[in-house]
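In this document, chain identifiers A, B, C and D correspond to the written order of the chains, with residue numbering beginning at 1 in each.
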Amino acid sequence: MNTDILQFQSDYQEACHENILKRLTEEYRKPYPGYGSDSICEAAKEKIRKACHCPTAQVEFLVGGTQTNATVIDSFLPSYQGILCADSGHIAVHEAGAIELTRHKVLPLKGKDGKLSPKALEAFLSDFALDENKAHTVQPGMVYLSQPTEYGSLYSKAELTAISELCKKHQLLLFVDGARLAYALAAPENDLSLSDLAKLCDVFYIGGTKCGAMFGEAVVIPDAGRLPHFFTSIKQHGALLAKAWLLGLQFDELFRDELYLHIGEKANAYAREIKAALKDAGLPLFGDYPTNQVFFVISHEKMEQLKKQAQYAYMERYDENSSVIRFCTSWSTREEDVKKCCEIIRGL
Amino acid sequence: MNTDILQFQSDYQEACHENILKRLTEEYRKPYPGYGSDSICEAAKEKIRKACHCPTAQVEFLVGGTQTNATVIDSFLPSYQGILCADSGHIAVHEAGAIELTRHKVLPLKGKDGKLSPKALEAFLSDFALDENKAHTVQPGMVYLSQPTEYGSLYSKAELTAISELCKKHQLLLFVDGARLAYALAAPENDLSLSDLAKLCDVFYIGGTKCGAMFGEAVVIPDAGRLPHFFTSIKQHGALLAKAWLLGLQFDELFRDELYLHIGEKANAYAREIKAALKDAGLPLFGDYPTNQVFFVISHEKMEQLKKQAQYAYMERYDENSSVIRFCTSWSTREEDVKKCCEIIRGL
Amino acid sequence: MNTDILQFQSDYQEACHENILKRLTEEYRKPYPGYGSDSICEAAKEKIRKACHCPTAQVEFLVGGTQTNATVIDSFLPSYQGILCADSGHIAVHEAGAIELTRHKVLPLKGKDGKLSPKALEAFLSDFALDENKAHTVQPGMVYLSQPTEYGSLYSKAELTAISELCKKHQLLLFVDGARLAYALAAPENDLSLSDLAKLCDVFYIGGTKCGAMFGEAVVIPDAGRLPHFFTSIKQHGALLAKAWLLGLQFDELFRDELYLHIGEKANAYAREIKAALKDAGLPLFGDYPTNQVFFVISHEKMEQLKKQAQYAYMERYDENSSVIRFCTSWSTREEDVKKCCEIIRGL
Amino acid sequence: MNTDILQFQSDYQEACHENILKRLTEEYRKPYPGYGSDSICEAAKEKIRKACHCPTAQVEFLVGGTQTNATVIDSFLPSYQGILCADSGHIAVHEAGAIELTRHKVLPLKGKDGKLSPKALEAFLSDFALDENKAHTVQPGMVYLSQPTEYGSLYSKAELTAISELCKKHQLLLFVDGARLAYALAAPENDLSLSDLAKLCDVFYIGGTKCGAMFGEAVVIPDAGRLPHFFTSIKQHGALLAKAWLLGLQFDELFRDELYLHIGEKANAYAREIKAALKDAGLPLFGDYPTNQVFFVISHEKMEQLKKQAQYAYMERYDENSSVIRFCTSWSTREEDVKKCCEIIRGL
């Protein structure tokens, strides 16, 4: 890797927040029991329960996002039930069939701004209720959404409440993928707290991998006892870390002194700076959302020029001469790199 | 956890070897691309290929043992094929149905000393070949064994060669689970090298989690190209780490200057000391094998006494008054703790 | 069931063609060995091989359509591969997740007239080939199409040839679902013979259930030997009939004296008569295709009137005041019922 | 097939009882709605509910035994639960991994006379309850047994009651495979009625394929409502017959005038005659049980001689010079064939 090139292609490039390394340095040669039955995991779970104002919650630590999505969905749903999501949902697009590997059909609904609209959901559910052949089709069992979405947009409290009520009405479970949740929580535009998530969802997870941890996702089931054998199911899905105390350690640090609530702030601010530079350079945004992902349209000529100076993620063809690409900031982004990036953009 | 109690219950309690922490401290705030497409992974893979004298090998890093077993078996076998193993094999006993979750039947054969004997395997395969109803039963597709075994015993080069030849003759694949491979490689009694494994197996893995790493298992497929889509299959099984460079980093350190070949030496020596103490104390071994696990029979009265001073792993009831328990040493075991443990044993 | 009401809701209502009942009456108390190892199955397979001009074909008899689709797809594809089809494809819509139950993602492409267009397929495959993230997504492994389609339309020989060539170019398998194949073969507009199917497909099936048999679908794999353990896979999928000779018996009759090639003729002709009546009555067709299914738009008022005299299949809402419904003729439809049905239609 | 050879190799060789053919001849050209929503299915279900003295039961018709086992087990159990059975249980031995295909581990316990003993079951469940690592292993969720067993033996009412109580105590479901149930019900030694099964089991099935039908198994769930989406699950498992009325028709005939309760009587009597002949000929029985299967030991020399005159099923090697083989009588066995068979045996 050419380290002279600015790194803005994803939010999972650097290992971890310094507090985590510090704690690991202190603990790495102490023995802890395996599989999460240790004191650090317990402390971390307690911090998360408090942050969610949900003392009854069951909290479990898994390793990665795709793994967490597949394990949660398969643990909650019988196989004749499918999972509804926006057509841009991560489970519908970029998980190599991991959900289908657990035998569940992903049922994508046309989304807007990366979001599942309560209206589209209601339309689907009404149609389904009326379908005379519905016993011959996959039963919808759960709604999946991401906060923030894969496009960086946010559900408002009103939107999630509407979706939650629809789910209750139609006896569907609600699952929120919070792989990038720290960036939502740090956005001034956001009005959905951890406590709201605990009230509105049946299960959600708090992302670690993209939000300051080396790896790890914390699954929260507000109503503990819903899945009596969830631990065994995690094990069966190959998602149980032997040294689970390393997961506990990371979340214990992320939830110490509200670090998790603020760790995304700079990333969001830097994204705003980059958006301003793109505006100055006349490069149109492909959706303008308040978190750490910046999608924009660029001509292929300028893209070639940019490639020599800054790493981006390629998304899709826009038209014959241009494409959509993404810059991603993160908890680890450095101010000087943002400055350089903005200069480069303005110089295109 | 009462830290005054000696910790001998497992070999996955402390985080990692100091070289790994040191390297992580140097690298933790450098950006690396995701999913294993980074320079550290490449360097680590090259070191492993060299250690195996197998320049053509495909090497992939997964996170944990159960996950690796399930992903490898499911990637190599169609679902009508099952996997043969000793009845004490980890996949047959302690993986919560993770192999069955991938739809493969585990076919346990009666083992001896935790090992699958070439003779038992041959008998099964001959019977199967003659079975008139064999098209109505699960087809054996792969042989699984662990080196060292779940009991700590070792396959000799002659034994593995015999099994490998049987596999070739009957068109079965051979898969070796090396979750504790470092302890085998460090045993003076061992005559099976990494290079032998690469010659005799279709796929094997080099364990990290129990051998000095925080987590991680390195899958080696000597004949690269056998599974063109193995990467996608790993992803689909939820086994792809986003920051895979952390896996590369750990194996790069474990294979620097032959660390992996020696990291188990002390553990084996300490196990011998503990066995000597048990002998002195008149506590009979439950199998005497050259690696880091020590199984022995103890009366329930003495077990209660021991419990206050040293953590062990409970295995199974032996008879009305006694049980089999295990002490486990590891790369992280300290000499003074072994001394104390031996004193405690002798004092029972 | 009110037998005074005309029955046009589906093509699987009556048990079987009289030749099949006659043969069953002759054979029903003779003993035959199980699982297809009998002389009648062998004779039927030979007749099918001859009808397909494909002496090398492997022919296997399964019981039902959804079962056949799931078993064939799962037997040919590893789980990281998905199956492309038109968005109206039966596997995408009406099989209750049976394909996902075998862990394969169904990848629907926007169809036209119920058909997958070679152009849409080529566009998808070109995009996929260029996708930088393709290793993170489901790999397309097979193309599924129905002849005739779920709408009753037909692929021409030119269209299927184009699709077959695309499949070969991109190393995809081609699978044709012929649940209603007799109606295609009997249509004057059709130019795709059984022999063409055997040349162009990797696997297809000849439907019995909707084409004169009590049940049964004959899977044809032109290149026998492609799936050495297909029999065991059928068994594992619960799709092996103990008295498979009953399947053989039915196909032996359907392929005696070219019965199968002609059994759909009257059904197609009757469908044309019904379409003429609908035209006369001013009820617009919802697609006009040459086989035995007639879809049309009808006001809810007239639908209520119709309901008292003739059974139809309800398809979907068309607009506020009208819906799409289907009349289906079959090998068992009686002329006098068609006459009555046309009168009823004209009287609406 | 050489029809001069007596046919005693299995109980699924002839198509069906004459009443079924007669009824089919009457009905075969009448239209019935699909998927079991017809009047014949309803009548058959009602007859079965009455025969079981269980007016609340849900009854569903599936096609074959392996399919029924897999569909029932997978519909009732989450995947982390396995199924306990005797080691000779059909699901453990002869279903090509069909249960594992649905991701459930089969947990065989050492049986006696083909039966799971309440004692062995209790021992397993007690050990499991005490196992400190039980969260890392497959959870037992259901007990499977066959009545009669694969060896032809019978559970008594006392035995099944004991097993049922153990299941309730340990929160396991009880599932009885009645593929050959007619032969149990017709045995004078039997004291387990259909009504007892409905009281003691959570689900069982009444076999058609081996008991007079062309195909078909009737699943009975005494407490209807246990599985609200069982119909969709049947469809998803490829086990829904389009012309389900053909299943209804067969069971409607089998349960007319108690035919099913008596259809196995002659078969059992004929089996007794064969056993008497074997005794006379000095050929030792391999278990002596009161239903229609006769297992015995025969020297290879005599086996060769027998082979020319009567078809048997080969079971397994007994010793160097002899093997275990099986004669099977059925509802379709003819008296004159039994006479001839006995003569042949006595002449060996």
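Heads up, the rule we're going with is that contacts are C-beta pairs under 8 Å (C-beta built on N, C-alpha and C of every residue); 3 or more make two chains touch, one makes a residue touch a chain.
Note that this is a predicted model, so its numbers are computed, not measured.
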Relative to subunit A, chain with the most remote C-alpha centre: D
Chain pair with the higher count of C-beta pairs in contact (C-D, B-C): C-D
Centre distance in Å when subunit B and subunit C are each reduced to the mean of their C-alpha atoms: 50
Separation of mean Cα positions, subunit D and subunit B [Å, integer]: 42
Gap in Å, rounded to a whole number, between the CA centres of subunit D and subunit C: 33
Set of subunit B residues in contact with two or more other chains: 79-80, 95-97, 101, 103, 135-138, 232, 235-236
Footprint of subunit D on subunit A - complex, ascending: 35, 74-75, 78-80, 103, 135-139, 229, 231-233, 235-236
Touching residues on subunit C, where the partner in the complex is subunit A: 79-80, 82, 93-97, 100-106, 132-133, 135-138, 314
Residue ranges of subunit A touching subunit B (in the complex, touch as defined): 1, 3, 7, 9-10, 12-16, 18, 21, 24-25, 27-34, 38-39, 63-68, 70-71, 95-98, 101, 209-210, 214-215, 232, 235-243, 246, 332
